[in-house]
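The first chain written gets the first letter, and so on, giving A, B, C and D; residue counts start at 1 in each chain.
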Amino acid sequence: MPPAATAGTERSNQTERIFGMFKTMLLIRAFDEAAHQMLVEGLVHGSVHQSIGQEAIAVAVCGNMRRDDLIQSNHRGHAHAIAKGANPTAMMKELFGRVGGTNGGKGGSMHIADFSVGMLGANGILADGMSLAAGAAQAVTLKGEDKVVGVFVGDGSTNRGPFYESLNWAKVFHLPLLVVCEDNGYASTTATSSVTSGGGPAVRAASFDIPVVSVDGNDLRAVDAAAAELIERIRNGGGPQFLHAATYRLTGHVSKDQGMYRPAGEFEQRWDHEPVRRCEAWLAEQGVSPGDIEAAHSAAQAAIATSVAEAKLAPFPAPSLAYADVQDVGGPSCPK
Amino acid sequence: MPPAATAGTERSNQTERIFGMFKTMLLIRAFDEAAHQMLVEGLVHGSVHQSIGQEAIAVAVCGNMRRDDLIQSNHRGHAHAIAKGANPTAMMKELFGRVGGTNGGKGGSMHIADFSVGMLGANGILADGMSLAAGAAQAVTLKGEDKVVGVFVGDGSTNRGPFYESLNWAKVFHLPLLVVCEDNGYASTTATSSVTSGGGPAVRAASFDIPVVSVDGNDLRAVDAAAAELIERIRNGGGPQFLHAATYRLTGHVSKDQGMYRPAGEFEQRWDHEPVRRCEAWLAEQGVSPGDIEAAHSAAQAAIATSVAEAKLAPFPAPSLAYADVQDVGGPSCPK
Amino acid sequence: MPEMIYADAVREGLAEEMRRDKLVWALGEDLSTAHTSTSANQYKDLIEEFGPRRIVNAPISESTIMGAGVGAAVAGTRPIADLRSIDFAMCAIDELVNQAAKIRYMFGGQARVPLVARMAIGTRRGAAAQHSQSYESWFVHIPGLIVVTPSTPADGKGLLKSAIRCDDPVVFMEHKELWGAKGEVSADPEHLVPLGKARIARVGKDLTIVAWSRMVVLACKAAEELATAGIDAEVIDLRTLWPWDQEAVFASVRKTRRLLVPQEAVLAGGFAGEVAATVAEALGDVLKTSVRRLGAPRMPVPYAPPLEDEYRITDRQIVATARSMCR
Amino acid sequence: MPEMIYADAVREGLAEEMRRDKLVWALGEDLSTAHTSTSANQYKDLIEEFGPRRIVNAPISESTIMGAGVGAAVAGTRPIADLRSIDFAMCAIDELVNQAAKIRYMFGGQARVPLVARMAIGTRRGAAAQHSQSYESWFVHIPGLIVVTPSTPADGKGLLKSAIRCDDPVVFMEHKELWGAKGEVSADPEHLVPLGKARIARVGKDLTIVAWSRMVVLACKAAEELATAGIDAEVIDLRTLWPWDQEAVFASVRKTRRLLVPQEAVLAGGFAGEVAATVAEALGDVLKTSVRRLGAPRMPVPYAPPLEDEYRITDRQIVATARSMCR
């Protein structure tokens, strides 16, 4: 979903486009900060995986997709959902487990999904999204549609077998699939390089004869350009493509993790390369005023504050809803 | 296990070495022909996967191993077992399901194993041998041994996820593992090229930074040279190595399969490239007499005829043995 | 009604559904070519009629066969993901349990998964430990899944058609030793066998035998022999293990007041336990004698025929147990 | 005896065995570093003592964690393959079921598989459908496997030590919501809890409650409340589900003549069915009232707390069912 353009006669189209994506990044960051805070306060349950520092990838990839294109997400799915156009308030309600949540309160953070915008769901099992996305792409071809399917996979997850099976599958069946590897250098508490041989996911993907583009995933414009090209190729029948985006996770892995396993200084240093500030600097160079940038920040904060406020007010689902949507035949009946 | 050398003063060591391996090939071929015949006659049960046309790989790889080195086999395991030094009569008894079988009649063809010669078992689940072998190699390092572990994997099986996970694993932990891909162009009834993208297993293995050597797997001397080099590297601490051996299966995939899915003429044409005749021609060039070659053939036939005769005479295991070797605590008790 | 073998009946059922709905398709290993080989002919000639995009010959990638099936189902098609046997399906359990079974629920009903996960069960002569397993009870334990175990060619066809039309994931389990079984099969392409409804395979009054899959054949044989000994057994073919037809079983047990549940799988942890426990809980006071189960000893399937025979439950064992219950 | 939490007790058990036998080692994701994160501290500081070759931080490769564990066990070491939870173990079922469980048998006793396959079970607040599963009953159905479900810190330690010393594969299942539970734990490194022996958690005469894992805690709580209502419940903690201590259960049921089996997992196809069916078969004529089971409704675990509460079996339900059985 291309972000809505802000009116501004003196700015180039490209500046407007990037400014729009910038606003989506801000929304994601505000959402993830709030989600974490609400977890700390006990209003969000289970675990929360933030994308702080990684926003550019989701935004630029989804920003080059149509609303009816499909994406398959992973455990770190808030950014993907917002970038694809999901409503942050419905998402926040889902994290709270409330009525009006994207999944009706049944899924929570790790299963956030919004099929109305082609977001086929976050996923708590690493790399499983690969084969699901390949299958969705196969359905697309079977139905004769021209949709593109995107799948997000973490660097650590690329050491799971389904990653390879699915790459081979996508290439053999020439599927309209964009694989996006968000390489943040860590898999939970483990430095991915310590458990990954050779040149890593990009080299391995290339061995399946899948075209690979590697980018600085914290450079919004670079990801945008690469995603635009790869999605165009796919839409034109070019078969599966692979985008390898280097990035860094500026928070702990999950929930209240403090990330103590990282070398001293790494964390602080990486803040200098994060996508929001870098994009902000570029926008300023293009003549976007400090006031406009400040307004974008405030708007994102305000939007998410509203989401949180609404989520707090929303009721919990009726217990009887627990028994719904298991299966048509043979589902459990509500005891009451 | 290096094959026993035949006395013969006028022949070079190399000729003797190859002649020895040739005899092992003949033994394997005679075994597999007999196994199939006995299946047709109803004396062998279930399914039998022959290695006819592929003998050179098993023989040359195992011929470069020590008896205490370990191999992990797959569903097509007779050749591996015989090459590693298993007793064909005990193997034939196993195929008959009789007392004195390598596995006591419990396993049959697809689970043939002989731990006394480091043959850790055939395996009915494709590619599972990869991780088992990696684990065995890890045990070897943990125990401070200098053994090499070999694993045989078919071309079709390399599209399973565990193949990749295990390659990464072996490289990350720098394990003494030789992966041998027996690429016979087919996976059951399917031409592997129709379901495999890119350059196939060798290219993919290389993407994990594992050294790869590709050979004509029907050329015994070529496989011998490659295996010698790779095993030497491993023994010297070089970490995992990959041997890609092109070959062709001159029979159906399993049991009574006639291989009708192959293009007309392919089958006949490939008989001209099979390893036994090629090796025979080379031996003749080296001055091995037709009589000696004929004698080798007869010896192999006679040995296997004896194996079959003994297997026919061996009794079935007592039914109560079905209840043995499940588990020490909580195993089933024999009803009698 | 025409007579045909089980493998032909299920193939006909699949072909009919593929003709009816062009979003029905199948994926699995060796689907296009297996008919020239040694397999069960479930897909013979279908690729000629439907082409390689609907009869998809897959790489050896069980996880992805199942996972792509799930993704394609979510995206609006009706795939039959054929794992060929439960033994190989072990390589795709995650995709079935963590994805197929949960997607509708955890996404709050936004998505449906009209997937048929096809995987044959059963001991086949000499197939040994890794090619003879029966784990139907596992999937009864997984919310979101429907579990189907047809015992006749007619049910094979009629239930496969219902499974394909079902909007939820169905685990469809043929029995390897039934593919050659003969029976009458309806030629009407709209003849469906409903999910969750048992079939009374034999009416009787002294004892209820509840069975499924190939065990139905043995139970019926046992019942004939019991009849010669003056014991009139009722045989219920459950057909579907989830949902299972408690109503039919309860009605029968209320009548006969005796229940025997023989299964092919290992007894411990098998589905017979679920049936026996449910009946013991609900009708404990009705029973004239304790519920009884039969099942394989808790051991892998051995290879040598006389050892394999120790694993197999036989009609003779059913007869003996039934007689002891009716004494 | 010192008091400690469950996570510390199992860590101490592992460390003791690793000191005792240098062929004992562990492999799994985030083993070396998890202690600075949010996990259960089962491996805290062990890498410092034993080094990275014995506390192996694995890539995200569940199949290979299990498969390498099997291979390394066959080759003479004693690995603990930690899948971290049963949910992720779904990705390694094949290696457990088709390899670990069968190798000794199908190779005719030539090999042994002294592997501990560690995988936590249980609902954890807000963890939802893919991180809250309990499939202990599956492995009871798999010949070759031993299944262990400790409910206390002492048993966690004592049973892990027995599992490590066992020459057959053991599926070792901690409960995610027990890792913080406190209890007295023996400091004697030779104190082992035997596999297959139940523990009478509470002596009683009116009713037998058979439980395992976290359900033992709830059953004991329920028993205290039942006592105030004049019902004297006996609580049996099975500890090991295969082999399970039929002798202890039968002896108790012969005394109380009533059996209730509450489990956390989904009722249908769960292990409670095995216990209930076995007792109903063997002691049907002894029972004063029908056997009873409790288990979760057949639905994935929902996320929102009030929905999750519908899934969870509570001590109140145990009390209510027990009371209805003793009326």
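As a convention for this text, a contact is a pair of C-beta atoms (placed from the backbone, for glycine too) under 8 Å apart; a residue touches a chain by one contact, two chains touch by 3 or more.
Only a predicted model underlies this, so the values are computations on that prediction, with no experimental measurement involved.
K.L.:
Which chains does subunit A share as contact partners with subunit C?
P.N.:
B, D
K.L.:
Which chain has its C-alpha centre farthest away from the C-alpha centre of subunit C?
P.N.:
Farthest from subunit C by mean C-alpha position: A.
K.L.:
List the centre-to-centre spacing of subunit A and subunit D in whole Å, with centres computed as mean CA coordinates.
P.N.:
Once rounded, the distance between the two centres reads 36 Å.
K.L.:
Based only on mean CA positions, could you tell me how far subunit B sits from subunit D in angstrom?
P.N.:
About 40 Å, centre to centre.
K.L.:
Just give me the whole-number Å value for how far the CA centre of subunit A lies from that of subunit B.
P.N.:
Computed from C-alpha means, the inter-chain centre distance equals 47 Å.
K.L.:
Scan subunit A for residues touching two or more other chains and write them down.
P.N.:
101, 103, 105-107, 111, 123-125, 159-162, 165, 168, 172, 194-196, 326, 330, 332
K.L.:
Do you know which subunit D residues sit against two or more other chains?
P.N.:
Counting only residues that touch two or more other chains, subunit D contributes 58-59, 61, 63-64, 87, 90-91, 94, 98, 105-106, 128-130, 143-144, 242, 297-300, 302-303.
K.L.:
Within their complex, state which residues of subunit C touch subunit B.
P.N.:
Touch residues, subunit C against subunit B: 29-30, 32-34, 36-38, 57-64, 87-88, 90-91, 124-131, 297-300, 302-311.
K.L.:
Quick one: in the complex, what on subunit C touches subunit D?
P.N.:
Those residues of subunit C that touch subunit D are 87, 90-91, 93-94, 97-98, 101-102, 105-106, 128-130, 135, 137-144, 242, 265-266, 268-274, 276-278, 280-285, 287, 289-293, 297-300, 302-303.
K.L.:
Along subunit C, where are the residues that touch subunit A in the complex?
P.N.:
23, 25, 53-54, 56, 58-59, 61, 63-64, 66-77, 79, 94-95, 98-99, 103-111, 143-146, 166-168, 195-196, 242-243
K.L.:
Under the touch definition given earlier, write down the residues of subunit A that touch subunit B in their complex.
P.N.:
Against subunit B, the touching part of subunit A is residues 159-165, 167-168, 171-172, 194-199, 203-204, 206-210.
K.L.:
Can you list the subunit B residues touching subunit D in their complex?
P.N.:
Going through subunit B, the ones touching subunit D are 70, 72, 101-107, 111, 113-116, 120-121, 123-125, 128, 130-143, 161-162, 165-166, 168-169, 172-173, 324-330, 332.
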